[in-house]
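For reference, chains read A, B, C, D and E in written order, and residue numbers begin at 1 within each chain.
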Amino acid sequence: MAADMINWSLLALEPPGWGGVLLAGLMNSIKIALGGYSLGLVLGTGGAFGKLYGGPVLRDLMEVYTTVVRAVPELVLILLLYYAGTDLLNRVSAALGYGSVDISGLAAGIFVIGVVQGAYSTEVLRGAILAVPAGQIEAARAFGMSPLMIMRRVTLPAMLPHALPGLSNLWLICTKDTALLAVVGFSELTLVTRQAAGTTKAYMLFFCAAGVLYLLLTLVSSLIIRVIEARARRGWAAR
Amino acid sequence: MTERAEAIAVRDLYKRFGALEVLKGISLTAREGDVIAIIGGSGSGKSTFLRCINMLEVPSRGSVAIRGEEIALRSDRLGGLTPSDRRQVQRLRARLGMVFQSFNLWQHMTIIQNVIEAPVHVLGVPKAEAIERGEALLRRVGLFDKRDVYPAFLSGGQQQRAAIARALAIQPHAMLFDEPTSALDPELVGEVLGVIGDLAQEQRTMILVTHEMKFARNVASHIVFLAHGVIEEQGPPEQIFGDPKSELLKKFISSSH
Amino acid sequence: MTERAEAIAVRDLYKRFGALEVLKGISLTAREGDVIAIIGGSGSGKSTFLRCINMLEVPSRGSVAIRGEEIALRSDRLGGLTPSDRRQVQRLRARLGMVFQSFNLWQHMTIIQNVIEAPVHVLGVPKAEAIERGEALLRRVGLFDKRDVYPAFLSGGQQQRAAIARALAIQPHAMLFDEPTSALDPELVGEVLGVIGDLAQEQRTMILVTHEMKFARNVASHIVFLAHGVIEEQGPPEQIFGDPKSELLKKFISSSH
Amino acid sequence: MKGERGASAPEARVTLPPEESTLDATALTSLPRGRALLEPHRIALMAVAAGIVFCAAWFMRWDWLPQYAGAIASGVGVTLLMLVSTSLLGFFFAVPIALVQVTGPWWLSLPAQGFCTVIRGTPLLLQLWLLYYGLGSLFPQFPEIRQSFLWPYLREAWPYGVAALTLSFAAYEGEVMRGAFAGVPRGELEAARAYGMSRWKLFWRIWLPRAVHRALPTLNGETVLQLKATPLVATITVIDVYAVISKIRQVTYLTYEPLLLLALIYLILTALLVAAFRYFEKRIPTRSA
Amino acid sequence: GAAAEPLKVGFAAEPYPPFASPDASGNWEGWEVEFMQAMCKQAKLECVITPVAWDGIIPALTSKKIDMIVGSMSITPERLKTIDFSDKYYNTPTGVIGPKSEKFAATPEGLKGKTIGVQVATIHQDYATKYFGGAGATVKEYQTQDEVNADLAAGRLDAVQADAIALDAFLKSDQGKQCCDLKGNVKDDPEILGAGVGVGLRKGDTELKDKINAAIKAIRADGTYDTFSKKYFDFDVYGG
């Protein structure tokens, strides 16, 4: 009875089909993932350098950040950061006399995912930087490069091949973590799927459809990642 | 012997790592065109001495002057020394061509990119000019056809020759070699020593740490024997190898055959 | 020479990898107490031959008999051979002590665990007894104090001695050594060769592939020179090293000094 | 599987670390150890932390705590039960999944690979809902199922939670173990064969323990991830500690306090996991440790 | 207040027919949507619908992500500790439904030994826990009403307690028609079941509260309320 009752028209792009809504949700997911991932990279780069070259206090604070974020479920972090983060921001801006600021769900989502990703990228990048042979950096110093130039010209590009596998993994985690923003009512793919399923009662259909969309996202990402890795690994002999 | 200008002058250099005093007052002057070979047992501080010259290790006491310009040092909180002007150090380093035992080519750059990196990004040479000069140097060390290859795909000997080209590319006042052949398989040593020998013939200022006694004898104008952190003996090769005075040197020479 | 029993008898052995024919008809008999050294250039098929004896490589043609028991082989679909009775192979292997070039100790077990693993879990020796015998063997190779250490913490020479103890622990009918010292630093080679030399003195049946000509000469009762997949020449050490007939062997001996 | 059999490229002088050892960002084995805590700046930091905790305890509302302590404890129990059962079950499935990918014929390795890709490529939340609301709502339409002895279990939520978490762990772990199996040096396996071990014995005595040993740090990270995935079951009515805290939040309308407590609980659970794994890792020391 | 910006009205993001549910074009429809529109029009407020997860709807209000809640939220003493409410805008009895095949009454005795589903953090949860849970029923909590209904249809629940109107809508749906029927309304307990449904507001936002109260009164008086209510219900949802 179930099989012949699949109503494919529910997936039509135009309303009353829900296909368009799902795609819009997917776009939202991708936006958050992209934003959060980029923010995570920025935080991660800072965190990695802080952990490696910072003073003892900075290093410990970074350690606390990465440990806590990696030990507490994303779901809990999202709730905490989503409410507390915006609450705090509001209070700060109120104290400064700006009145309440409006934080869009998108911005909040990006922020939350970014903070979570930042902790993981810190570790990935730190490990990758450590994997750069000391001699490479010493050679740069011996040729009179300034610390900043060493980072730009040697450390960062040399660590890239070491970091890429970890970073690509993080990207895949990131795309899926966007689903957790459903719990704060952000209309990314998972939440709109749930709405569509709840409204139409076609649970199987919509969950499968969303699954396919996520899978596509993963597969396409993997393809792109492979191209990037191949480029970054040029200098390294094949194993 | 005419009085040539001082290329590198080290005065009364001390270096300690924690409790271990590695260098205990070393003075050495290399004039333009000198080829100085530093020999000595393992752990005698040869590498440390060489690295102090371009401040990869900061001395605990003493001074280093490059072409008459003394590197400014000041005391730091821990009682040691530290360069007072980072830019000065960077500027002086940019004219000292260092060749490491383990090559240390930048793995993410092709050979030609390695060679032009410092000229372009440190010395500000226009890229086209740097490439032209870089290619000439690669041709000279016999690596022109490997210009667009990444270091990982070269043999050790080829990598070391590329590293020498890289050091030459900055038109250095002096070249510093730290055991440039000891990470190489015996059959690859020759090709690198050949290149260095050619440089010596051109009267380039060079300080080289080496274990290859025969090579040191043929190439160096002056030999310095380090032992227990001091210069135990020094002099022209004939004297050092032919008529060693110190017991330690005698023992060292007889054991390194 | 009295007629001793055949420990290992290989008849007309062929082995090809795809298009490459590595062994082209090799016959060799090791009688109880023989110490046979296999020498030959790199890629001549020494390892492959040794691995065929305990079926780590299955021959393409020919037969192998251990103590008179021939290993049953049958043709497989691909036109090659395959053992027809896996249990027979396992049973026979369990009495051939193989020592690899790269030791291949099990890294997740301590030394004593490595040594008793096969006796207990393959041969069914009671654990207490296996430990007792294993400790005796470790004492013999000078590793008793390392019994509870994991292999990663031992030097190469110690690891290889442990591997020898492991091979002895199964009370092997014959020992097979594949270049047991070539993964070792020169200064560690001696300790392993010492242990193997002792075993040879006890008249243990051994087949060893080695690059150490001096050692082969001193220790082996019989030398086999492999070249291009066939036994180019064989005989007692004095004859092989003192009076080589074949041109290839002459060249090989003169080059391996 | 690829690089393992053929000879390695002759000119490979610089080699990158194999994928699975790529600095697992999820592994949490680097928590500080005892004595290092006593450095002066750490003491200062800890004082600050203590101050924050004190402020939290003093200025925030915790009066609800005693009333819900029992519920929280049982929630922690459910969380742990979920974690342990799904990790063990998942590992149990992961081993064959990994093994067939390393040695199996294509008709086994291909589906295994597909399974890993699909599960790893979609959010767990979605899988969970698919099982519970999707699949679960199909069952009652079949009277045979409704009548069967399974029905009382299928009515419950936890079997779906366990199933989803198990599948997910199996897929992620399958990847880890695949790398670990492939990474066991061939020589050690060959040595086992040379000593007459049967395939079965070789697997149990050498291959599996060696692979697990190699994979322990990664397994640790994955288990922490699994712990962090358990709260998702709250969305299908399993009352784990997350669900208990959500309920407290909704009853008391406190935004932060219950969430902070929850974060603390997960921190402690993670620390316990890390300690447990560290114990196992220490039992077989490795050189780099 | 910030009159220039439109007010953000928090709706539970999960569908709750017939009060509020999104359609495929992202438009929200239902009784509560029409009520909200009428009310805002009356009060001359510019309002936009902001879907928020039910779970986080009160924190969203207090952290100013939204300005009011129109989410079928009953006015209870517990909630009044944290937020403020307007006057009620509807009030309906609480009902219990169950599978057609089983006969039982909506009383503690009738539900003994049964599994009863409620939406988490609602008055129904509190009521069911107190009256039925205490009498030997298992109370199971769900994040959304929709899931409760789905699980009843899936046979995982023996009964569902909820707002009678929401239940009615479910019983009228295809799924509901097949499986279930109304077992009756529960005995009232104003202490728990509260004084009807009001617009949730931040504490201290009195200006807005006054405007809304006035607007509710006005649309009740001028018949607007009844006009749109007729589209959905054949009785007076405002209640007694």
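We take it that a residue touches a chain if its C-beta (ideal position, glycine included) is under 8 Å from a C-beta of that chain, and two chains touch if they have at least 3 such contacts.
Protein identities per chain, from UniProt: A, D = Polar amino acid transport system permease protein; B, C = Polar amino acid transport system ATP-binding protein.
Here the structure is a predicted model, which means the values were calculated and not measured.
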Starting from the defined contact criterion, work out which chains touch subunit B and subunit D both, please. A
Identify the chains in contact with subunit D as well as subunit E, in label order. A
Enter the minimum step count from subunit C to subunit D; a value of 1 means the two chains touch. 1
For the chain pair with the highest number of C-beta contact pairs, give its two chain identifiers. A-D
Compute the centre of every chain as the mean of its C-alpha atoms, then state which one is farthest from the centre of subunit A. C
Roughly how far is subunit C from subunit E, going centre to centre by Cα mean, in whole Å? 82
Compute the distance, rounded to whole Å, between the mean C-alpha positions of subunit A and subunit E. 36
In whole angstrom, how far does the Cα centroid of subunit A sit from the Cα centroid of subunit B? 47
So what's the Cα centroid distance for subunit A and subunit D, whole Å? 20
Which subunit C residues touch at least two other chains? none
Can you list the residues of subunit D that touch 2 or more other chains? 11-14, 133, 137, 235, 255
Overlap residues in subunit A, where contacts from two or more other chains coincide: 79, 83, 87, 161, 182-183, 194, 203, 236-237
Applying the document's contact rule, which stretches of subunit D touch subunit E when the two form their complex? 133, 136-137, 139-140, 146, 155-157, 235, 237, 239, 243, 246-247, 249-253, 255
Touch list for subunit E against partner subunit D, complex: 55, 58-59, 62-63, 78-79, 81-83, 115, 120-121, 140-143, 147, 150-151, 153-156
Which of the residues in subunit E come into contact with subunit A in the complex? 2, 5, 13-15, 17, 21-26, 51-53, 55-56, 59-60, 62-65, 144, 146-147, 150, 173-175
Which stretch or stretches of subunit B touch subunit A in the complex? 54, 56, 86, 89-96, 98, 100, 102-110, 117-118, 121-122, 150-153, 170
Contacts from subunit A onto subunit D in the complex sit at residues 1-2, 56-57, 60-61, 63, 67-68, 70-77, 79-80, 83-84, 87, 120-121, 123-124, 126-128, 131, 161-162, 165-166, 169-170, 172, 176-177, 179-180, 182-183, 190, 193-194, 197, 203-204, 207-208, 210-211, 214-215, 217-219, 233, 236-239
